[in-house]
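One chain, subunit A, appears in both complexes that follow, with subunit B as partner in the first and subunit C in the second.
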Partner chain A sequence: MFILKLLFKNAFRHKLRTFLTLLSIAIAIMAFGLLRTVVSAWYSGVETSSASRLITRNAVSLVFPLPLAYKDRIRQVEGVTLVSFGNWFGGIYIDRKNFFPNLAVEPHTYLDLYPEFILSPEERQAFLRDRKGAMAGKKLAERFKWKIGDLITLQGTIFPGNWEFVLRGIYRGRDENVDENQFFFHWDYLNETLKKTAPRRADRVGFYMIGVDHPNNSPLVVQAIDRTFKNSLAETLTETEKAFTLSFISMSEAIIVAIQVVSFVVIGIIIAVVANTMSMAARERAWEYAVLKTLGFGGWHIGRLILGESLLITLMGCVLGMAITFPAAYIFKKTVPMYLPIFQVEETTLYLDLIASLGVGILSALIPTWRAIRVRIADGLRRIG
Partner chain B sequence: MSPIVEVKNVSKSYRRGDRRVAVLQDIDLEVQEGEFLALMGPSGSGKSTLLNLIAGLDQVDSGTITVGGVDITSLSESELAAWRAAHVGFIFQFYNLIPVLTAFENVELPLLLTGLSRGERREHAELALRVVNLEARMDHRPPQLSGGEQQRVAIARAIVTDPTILVADEPTGDLDRISAEEVLNLLERLNRESAKTIIMVTHDPRAAKKAVVTRHLDKGFLNDVHPQTPV
Partner chain C sequence: MGLPLSYSIRNLWTRRLTTILTASGMALVVFVFTAILMMAEGLKKTLVETGSPDNVVILRKGSSSEVQSWVERIQASIIETQREVAFGADGRRLLAKEAVVLISLPKRENSKAVSNVVVRGIGESSLALRPQMRMVQGRVPRPGLPEIMAGQKIAERFRGGGLGETLRFGLRDWTVVGVFDAGNTGFSSEIWGDADQLMQAFRRLVYSVVIFKLHDPGEFLPFKRRIETDPRLNLEAKRENRYYAEQSEIMSKFLNILGLSLTLIFSFGAMLGAMITMYSSVANRTSEIGTLRALGFPRGSILRAFLYESLFLGLIGGGAGIFLGSFMQLITISTMNFQTFSELAFSFALTWEIAWKAIAFSLVMGLVGGFLPSLRASRMNIVESLRAQ
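Let's turn to the complex of A and B:
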């Protein structure tokens, strides 16, 4: 108790210095937390992907479509329970900056395959019935203040022209990791329009989404599907949904690595800040350590005082930093909802904050402790005044 | 009667640049139990160095120092620290109280190294502060106390563990005449009433007068013995 009291008193001897150090640690911990959350958000699609869903695309590239006729042949593969399909539409709503993912899907099978998108029975029926109907995520609808029945026009980029949809459903995610910023409409609407405007592009799908009876059967189903279309004009590449999502993320791996490096640089900066504070404190108190040694306190006692103070300051800064990470993450999420739709500070991030702070506390105290332990009593006492 | 402090053939030098400067040369000194010894000498004569060696704050180059039957020159750093905690009470010229702690907490500090309970520590610290007549100011921090009061707190801190010897390095060097007199009277009383063995370094003749025996150091050599009053 006495030692704890002494640690607190020592930590706040220079109130302004300690306050500024705490502020630096708190900001650094917040930055570290936000950067880790960005990395987690980037991988959130992987975490939400189902182990019992596969994606089949053109083996050459995702840019090249597959024939619609593959659907029935895929359905016949043993272990396949459901087949849906779709196209990345890439439409623009009013302005490019209003980006959100929009896809043309076969709605009946898609909703069965993705039960994490929750629609009320009425809205589900309305969406399925209306060929020009669309469904949007709750957050997306809130962002543009859309209501059921609203007419929404997207400007096509991959499929030129103005495309009109009627909003028939607003889905919400089954859990908080489900992206509520997407927009889906009937693939038939797209295909029938293409039949009139660009017949060569009709009856072709961007990718198939396949349900399997058991995740353990996925490797066999993957092989069976790709074997089915071997040596055809459009060979397929089938992979698990997780692998498919990861292949997208790997395209931006350099950015992720850069973010991770920056997050560790931030920790390096805090080590320098706290080490500087602790070195100054230890240098100013060299005579006190000499006095304590005179009274019979050993090097370990002195070390504990410095280490304790360092840990106290970093942990206080860490708690403050963790506390401000949440509002900062909220603001960040509100600012760029379309790019990182799942942006939540995870429990793991908080543990990482804590571990980083403990590491900073210990590393920052090492040199001052070593110096304080080594200083001769006579030399320490000479610094008085 | 065997002496409580026995210094035999002690030499000590310091490195200054490329050369070694001898501070103490073949010093022999005996201090009897209950003695109040004043070590006098000009600046740089080695009196503080001798005091530090006796208190186990520094290591000899050669020779031996025995305190209470323990050869402290053979102790390791950690053994020496434990020995100091149990056997030496140190009073500094500039009081050296921890500024963020109250007078009471400063006095309690050395007791943390003992196995005493919190209640026992409180009892001992209050008693020590009572001895120096500062119970009323136990909750004040050093900056709130006068120089004389701070030195009395330092004396309370030095005696709270009931050490074998009290060593004081210029205890009145930073005090006005009245405060210095109070501190010296207190040391004299501790020696007379509690039979505390005190070794005090000073170059103030008035302070030395309070001691029972005065020894003079000059250029690293110990000279004469001046008993002022019989032990």
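Let's turn to the complex of A and C:
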């Protein structure tokens, strides 16, 4: 207890300096926490994806469609319980900047397959009944101030023309990681229109979403589906939803790596600041250390004092930083809701904060400790100021 | 009379450890600042250099990239007969009807990692339209054969992309008969083959884009107006360089915002570091400052001396940061361009503008960090500071 008091007294001998150091640690820890959260937000889609759902798409790449006729053949595969399908629509709402994912899906099977999208029974009925109906996530509706019954026009990029929808439902996520930023409408609406405007493109599906009776059966079902369409004009590639999402993320891996690297650079910045503070403190107290040595305290004892002080400062800064990470994340989430729909500070981030600041505390104490151990009593006493 | 500049510099030298630590904190911030700007610049450069202002790209109206676009054969023929199309030395029109699709290919180092690659079906004039193209190995694929050539970045990074290897797509095996280098452009991340062969393999009936060289670059605007109002054509015309610049917009904006907000937060940490250093530098020299004042140096020159000191500190940090950042030029990264949905390889590019920005940024950090401490130094009372031990 006494030693803790001594550490505290030492740490706050220069109030302004310690305060500034604490502040800079707190800012750095906050930045570190935010960056880790950005990385985990990037991966958030993976966690919400279910192991008992599969995605089948054209083996060449996602831009090639599959025939609608595959639906019934997929349903015949043993282990398949539900088949839904859809197209990435890629429509623009008023301006390119207002990006949100919009998909044409077969609504009955889709809602059965994705129970995490929660609609009230009335809205669900209304959405299913209206072929021009659409459903949007709660956050998306809030972003554009949409209400049930609003007419929404999307400008097609992949499917030319202006497409009108009536908002029939606003879904909520079953839990917090469900993306409430998406827009769904009837695949039939897309298909029937294409039959009139571009018959060659009609009856084609971007991807199938498949429900499996048991996650353990997934590998078998995957093989069975791909075998069915082997050597056909449109070979398929079936993956679990998780693998599908991961393959998307790995395409922009370079950016994630860059963010991770940067999050370690910020640790480097705090090391420089804290090490500076500690070495200044140790230099000013060289005389005191000499006195302690004269009294018979060993070099290692002094080293422990320095280490303790350094750890005390970094840990206080760390706690402060953790505390401001949460409001900062909240502000971040409010300002850019469209880039990263799910943005939550994870528990692991806090542990990483703690580990990082322990590391900083130890590293920063190294040079001053080494100096304190080496300093000869006579030299230390001779030094003034 | 002011204090000599060497006074400030020698102060930094006397307290080397502190100077090095503070400057290295700033150097790291400047490093992040330059690296992210360099990344955005490299991406922009790659895409802007891909296009030439004399070439025109014809796309379907409303499509945001080549992959989404389609041009019917009859429409392509109408474009071909326009008088603005330039003729080559051999008397043929410098116009190419191209089919562009995306295929997913596994990477060399890790077959689990798959990425979307652009496959471009080319016509006879496609090579003449891109003078930056240079064959590195092998030859150009012959029309009518299942042969392809791969850009150097593809040959290096993707399985089956090297000379003599084969890729399988569209129910056929395609032999890589050549590897080309298109410098620092997006074409280096593409695979090229005969348009008719590729369209057949992918069961495509329409081209994606038509590209041609203008007979006279000044004719672009009237041509654009005529094409876009022609009721037979549902097409739009863009200058090629403009088209590619648009492809980099979202990504480089994303990188710039990311970079600026990160460095802004980080710089607070480093500025506090500079402030700590300067405060203690002032505190340690209280009696010295008192002596200087007693000798007749005015407050202003004390303020300036300390400000110079912290500006130098910033300059050292900035210089070191740029030095570190310049090594990033050796690195080439590849990532998916959100807009085209395809893989693009690009390098970090350091420009003078970025270097100046970084230096200015580090000086500002030094100035802000050193201002309050210098103010304190200049406002010290002579008698009290002389009395201080």
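We adopt the following convention: the second predicted complex is superposed on the first by the 383 of 385 C-alpha atoms of A that agree within 3 Å, B and C clash if a C-alpha of one lies under 4 Å from a C-alpha of the other, contacts with A are read in each partner's own complex, and residues count from 1 in each chain.
Please note the rule applied: a residue touches a chain if its C-beta (ideal position, glycine included) is under 8 Å from a C-beta of that chain, and two chains touch if they have at least 3 such contacts.
The structure presented is a predicted model; accordingly, all values stated were derived computationally and were not measured.
A.B. asks: Put the two structures on top of each other at subunit A: do subunit B and subunit C fit, or clash?
C.D. replies: Taken together on subunit A, subunit C would fit alongside subunit B, as the superposition shows.
A.B. asks: Tell me the contact category for A:I27 with respect to subunit B and subunit C: first, second, both or neither.
C.D. replies: second
A.B. asks: Go through the superposed model and pick first if A:E142 touches only subunit B, second if only subunit C, both, or neither.
C.D. replies: Once the two structures are laid over each other on A, A:E142 reaches no partner at all.
A.B. asks: With both complexes overlaid on chain A, does A:E346 touch subunit B (first), subunit C (second), both or neither?
C.D. replies: In the superposed model, A:E346 contacts neither subunit B nor subunit C.
A.B. asks: Thinking of the overlay built on chain A, is A:D226 touched by subunit B (first), by subunit C (second), by both, or by neither?
C.D. replies: neither
A.B. asks: What is the angle, as a multiple of 10 degrees, that the CA centres of subunit B and subunit C span when seen from the CA centre of subunit A?
C.D. replies: 90
A.B. asks: For A:E116, decide between first (touching subunit B), second (touching subunit C), both and neither.
C.D. replies: So A:E116 meets neither subunit B nor subunit C here.
A.B. asks: On the superposed three-chain arrangement, identify whether subunit B or subunit C touches more subunit A residues.
C.D. replies: Of subunit B and subunit C, the partner in contact with more residues of subunit A is C.
A.B. asks: Between subunit B and subunit C, what minimal C-alpha to C-alpha distance in angstrom results from the superposition?
C.D. replies: 12
A.B. asks: Can you list the residues of subunit A that meet both subunit B and subunit C?
C.D. replies: 385
A.B. asks: Within the complex, which stretch of subunit C touches subunit A?
C.D. replies: 17-18, 21-22, 24-25, 28-29, 31-32, 35-36, 39, 60-64, 67-68, 101-104, 113-116, 169-171, 202-203, 205, 234, 254, 258, 262, 265-266, 268-270, 272-273, 275-277, 279-280, 284, 333-336, 338, 341, 343, 389
A.B. asks: For a test of understanding, state which residues of subunit B touch subunit A in their complex under the given definition.
C.D. replies: 52, 55, 57-58, 77-78, 81-86, 88, 90, 92, 94, 96, 98, 100-101, 105, 108-110, 112-113, 118, 157
A.B. asks: Subunit B touches which residues of subunit A in the complex?
C.D. replies: Those residues of subunit A that touch subunit B are 1-3, 5-6, 9-10, 13, 287-288, 291-299, 376-378, 381, 384-385.
A.B. asks: For a test of understanding, state which residues of subunit A touch subunit C in their complex under the given definition.
C.D. replies: 14, 16-17, 20-21, 23-24, 27-28, 30-31, 34-35, 60-64, 90, 96, 155-158, 160, 200, 231, 233, 235, 247, 250-255, 258-259, 262, 265-266, 268-270, 272-273, 275-277, 279-280, 339, 367, 385
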